[in-house]
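The next part holds the structures, each set out as structure tokens.
Next come two complexes, and both contain chain A; in the first it sits with chain B, in the second with chain C.
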Partner chain A sequence: MLDIVISGLLLSGTYALVALGLNLQYGVSRIMNLANGEMLVLGALAAFWMFTVGKLNPYLTMVLAAPLAFVGNWLIYRFLLRPLVSRSKNQGQLEVDSILATFGMSFILIGIMISIEGGFFAYKYLSIPIEILGTKASLSRIVAFAVACCIGLALYLWLNRSRTGMAVRAVAVSPQSALLVGINVPKISALAFALGGAITAVGGVLISTFITLDASIGVIFTMKALIIVIMGGVGDTRGVIIAAVILGLVETTVATLIDPGLTLAAAYLIFLAILLFRPQGLFGRKPT
Partner chain B sequence: MLRRDLLALATGALALATAVSVSAQTPIKIGSVAPKTGALAGGAVVTQWPNVELWAAQVNERGGLNVGGEMRPVEVIEYDDKTNPGEHIKLAQRLATQDKVDFVVAPYGTGFNIAAAPVYGKFGYPMIAVSAITDKVEELTGRYDNLFFTLGTTTAFVTGVRDILVEQREAGNINNRVAMVNVADAFGIELADVARTLFTDAGFELVYDKSYPLGTPDLSPVMKGAKASNPTSFIAWSYPPDSFGLAQQAIIEDLDVSIYYSAVATSFPAFAGAYGSKINNVLGAGGTNVDDPKIAEYRAAHEAVTGKVADYWASANTYASLQILEQAIEGADTTDRAVVTQYIKENAFDTVMGTITFEDNFSAKFWSVGQWQDGVFRGVKGTNVDGAVDVRLKDGWD
Partner chain C sequence: MIRGSFTELLIIALLAAFAATVPLIANGYWLSVCVTGMMYIALATSWSMFSGPTHYISLATAAFFGLGGYLLATGMSDYQQPFWLMLAIVPFTGAVLAALIGLATLRLSGVYFVIFTLGLAEMIRNLVSWIQNNFLGSRGLYVLTDYTEKHIYWMLLAVAATVYMLGWLINRSRLGFSLRIIGGDETVARHVGINTATAKVILFITTGFFGALVGGILAPRYSYIEPNQVFSPQLSFLVVIVALLGGSGRLWGPLVGVIPFTILWELVQTYFPNQTTLFLGVVFLVIVYFLPHGVVGRLEQILKQVRKRRS
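After this line comes the complex of A and B, so read on.
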């Protein structure tokens, strides 16, 4: 039983890393970023490449990748997505446009990654077994979980305690009203998008230490992230974390007690239930 | 006036260019459609693409293929099917009708070979399939006269593993307890079905028998469950991402078995790259005989030309399939596809895998099980292949 809880929580950490970035991008910047998974895989590729070529510790790569991803995503938002935001008359149109634009972007990213490494990013780091309360887990998973906790906590505190964080939340609630109280919405949106991209890339670096990825696998992560963000309530960090924990625990429970073949079915069942009974997500506000 | 002169000059230059290209030997066009993106890309860029590159480079270095008394270079036209059968069929049609290629490299993946066989068949292309394993060989080759199989059948694949289990049980090294898992897609399900019958008929007890979805991020519940069932053998009918993931979890859980087998990608150099000596004595699908001078020479050329280490299984078979095509074109001395197809059926070919002949479009010369032994993945079970080494027992994960 304790086994399931610990394994489940560790898996939740992975899921949180996958979804926290998309939550900022979709919840605040209103960009339904379908290239989210590719950004994650790009982080993984960076870690793999630095490790095999430069023998660099992936956690060091993580520290280097975060600011790079931040700047890269800021540029993407500024030059690729900002024009879409400016020209769209309503949220619906922006969603359609951003889905198409980022879908295209995902192919470009895949192409770039394949030109660097077409095969598997196969390397392992810290795959040392550690025993916690009688359950064995690899140290790399535990580190990823710890970093996920730190990111989640830092994000939560920043959003709720700082002035900029409050502005970000205001934009998440209503970009129009945020403008009225003097918030620089374009700037905050760019910040949220860039931060989201940086978190996703960091997630990719961490995940690559224990999951073998390849350039084309991003879409799997985009889908998982989407489910988690929608389950948690778009734009709400607490929601994402809780949804990740639920998903991790349920999948591990089903895999252990019933059949590993049913994990996907279980995940989609919960997703369906939430969509049916609480369409705005666990922490989402009802549209007024 | 000036414009007209320029136009005349340009036309003249164009005519000259055309004349020059005609006087050089017209290349033999080879179409190759396989994944560069999508779920199977990771495998195709290891096993399929580098061999196409290597073969074309080597043929052209020799001056090309000798057809009708002249040396014609080969020109490869590559397309990415995005691991999408629909896309593959569209591209196959494009190869035939627009690019007008003379021959094709067979697709990568069982499903793709079966799905594309009618299209390639319609245009008469011989398809020497490599990365395609099925028990329906007879039915398929009966239906598609142009389709050849070279890597074995599902039953042969599983029989190799069963034989190892039986031998080790007779030697007193393992008992009847086998933990078996499979990836829940067509490939894994078909293998697990065959294995369930073959293993139980041989008196083994499947103490753990579960499937998991493709792309499962956390295989620890699977490995914990397998370990808790207390087996002496662990068999996984797995695909690339999960073959890596299962080995990872086996190391973490310190799975104490004497026989550890995972299917596809175990033979990839990246597998040893990721786990080093920890995966010593791990069994996997495939195998090769690195001591065979032909194989050794092929592997060296593979690395020199493509910059990549060949995998220890279907890489050599893929290269051999291209050698068969090459020798059939030269032997038949024509690019007439029907004649070349007939030539493949009736002749023996000298390849890196040894002499290959087809009986009812099936070549029964392949490795089915290999084992990582001190950094090299050696064949331990195969059909009509030489150089199988003895199976070693897995002893811990250090």
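After this line comes the complex of A and C, so read on.
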């Protein structure tokens, strides 16, 4: 029992990190990014590749990958998604366009990744078992959890204490009003999108140290991150973290007690419950 | 969307009559390409009946298709039921699945619907594999019939024609009218007294019905049915591409998209088998950035400009 709780909690740390990345992209930039999972897998591929070819420590890769992912996502937003934002007349139109465009990007990313590495990204790093509270967990999971917590905390402080962070939150609440108080909305949106992508890629590097991925698995992570964001409530950092813990625990329970092949089905069950009973998110208020 | 006229219906009937003669001319490789094309026509037309007016991108096609094929195979292989009986049953299971998904998600915003359908085929595949491995024991299902590609083609043609006819009738009905208002502005639709959720769910049910039916019809083509194969999520994306490439604003849009896409797709699969995913991505981007209303929308735009210049 304690087994499940501990490994579930450890898993949810990384999930929370990835969902926070998606939350920035959807909550602030208003882009429904369905290529989010592919960004994660790209991070994992980078870690795998650097480890097998360059014998590089994955945590070092993480430090290198983050700024690269930031620049890459900024370029994607600026040149591919910004035109969609300016051409759409309403939020619904933008949603349809961004969904289709990010589908395209996710397929292109998968295609590129398959041509780099068609098989599994399998490598071993820090898979030393460590005992905590009578349960064994590999060191890589614990490190991943710790790193995810640090980044999450840093993000939280940045959003709540800095001037730019406040601007980001203002755009999340209402892009129109943010414009009125002199916030450069396009710039902040691009920043949030790029930051979200960088966080997701970092999450991918962390996940790759304890889960074996392949090029086409991204959509499952996209699904999970989306479910977490919807469960937590779009734009709600606290809700997202709690939702990630719930998903991590439920998934680990299902994987341990029933079958590891059913984790996606478990995620769907949660999703269905949320849609039926609390579509506004765990802490959201009912829209009037 | 303009109301379907009788001339349009006549042209389509002529085209269908011509299409019915294809198996008499083509065989082997080309007939198999035509079967695939006809499958896309049936699936994409029923897809755009729902997604065209509402702008909700449904990715559930693979789930319905897989359900149809898998259940038909289970009935025939495990319970020795005849093909036609199973073919009569499976569409209703697709309709029930669609009704459940629709009731859970279509009351809310469209994004939830898209997200829900995104992983649906994959989730059902996991579930089916799990049930099969743990409870049924049998690892594979056989669909053995006397039907060849030729018969499958005619069945698909009949389905495609039915879908088209139904779409034409819906366009002329109150339901079609309310869907167009929903697509224009959902808030307005609600204010003029349209029950938006019911209208959307009804249309989505027809998509589920025909998706499962097509899946059932194609089962004899594979003869050996395996969850990994029939629940391939790629099908959902291919159907979206075919429909949007042609243009989902018109009922006959997918018809225009299907021929160039099927040929291109065959070429890419033959000559660049490792780049198929990359190709799909590029086509998606081309649609979003250069053909937002499909080939049909672009042609209509050009026609309008030509007419303006003349007058």
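Heads up, the rule we're going with is that the second predicted complex is superposed on the first by the 266 of 288 C-alpha atoms of A that agree within 3 Å, B and C clash if a C-alpha of one lies under 4 Å from a C-alpha of the other, contacts with A are read in each partner's own complex, and residues count from 1 in each chain.
The working rule: a contact is a pair of C-beta atoms (placed from the backbone, for glycine too) under 8 Å apart; a residue touches a chain by one contact, two chains touch by 3 or more.
Note that the structure is predicted; figures quoted are calculated from it, not measured.
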Check: So, does A:261 touch the first partner chain B, the second partner chain C, both, or neither?
Finding: both
Next item on the list: Please indicate which partner A:176 is in contact with in the superposed arrangement: first for chain B, second for chain C, both, or neither.
Entry: neither
Next item on the list: Applying the touch criterion given at the start, work out whether A:100 contacts chain B, chain C, both or neither, answering first, second, both or neither.
Entry: second
Check: What is the contact status of A:230 with respect to chain B (first) and chain C (second): first, second, both, or neither?
Finding: second
Item checked: Which superposed partner A:123 touches (first chain B, second chain C, both, neither) -> first
Next item on the list: Mind working out whether A:84 is in touch with chain B, chain C, both or neither, as first, second, both or neither?
Entry: second
Next item on the list: Check the residue A:32 against both partner chains and state whether it touches chain B (first), chain C (second), both, or neither.
Entry: second
Next item on the list: Take the contacts of chain A with chain B and those with chain C, and give the residues found in both.
Entry: 110, 114, 216, 220, 259, 261, 264
Note to self: Which residues of chain A touch chain C once you look at their complex with the stated criterion?
What the structure shows: 32, 34, 80, 83-84, 92-93, 95-97, 99-101, 103-112, 114-115, 216, 219-220, 222-223, 226-227, 230, 259, 261-262, 264-265, 267-268, 271-272, 275-276, 279
Margin query: Can you tell me which positions in chain C touch chain A when the two form their complex?
Written below: 55, 57, 104-105, 108, 110-112, 114-116, 118-120, 122-123, 126-127, 129-130, 134, 186, 233, 237, 244, 274-285, 287-289, 292
Check: Taking the complex as given, what residues does chain A use to touch chain B?
Finding: 3-4, 7, 10-11, 14, 110, 114, 118-120, 122-124, 127, 129, 136-138, 210-217, 220, 224, 251-252, 255-256, 259-261, 263-264
Next item on the list: Flag every residue of chain B that touches chain A in the complex, lowest number first.
Entry: 36-39, 41-42, 45-46, 49, 83, 181, 184, 210-213, 215-222, 224-225, 240-241, 244-245, 248, 251-254, 265, 268, 270-271, 273-275, 308
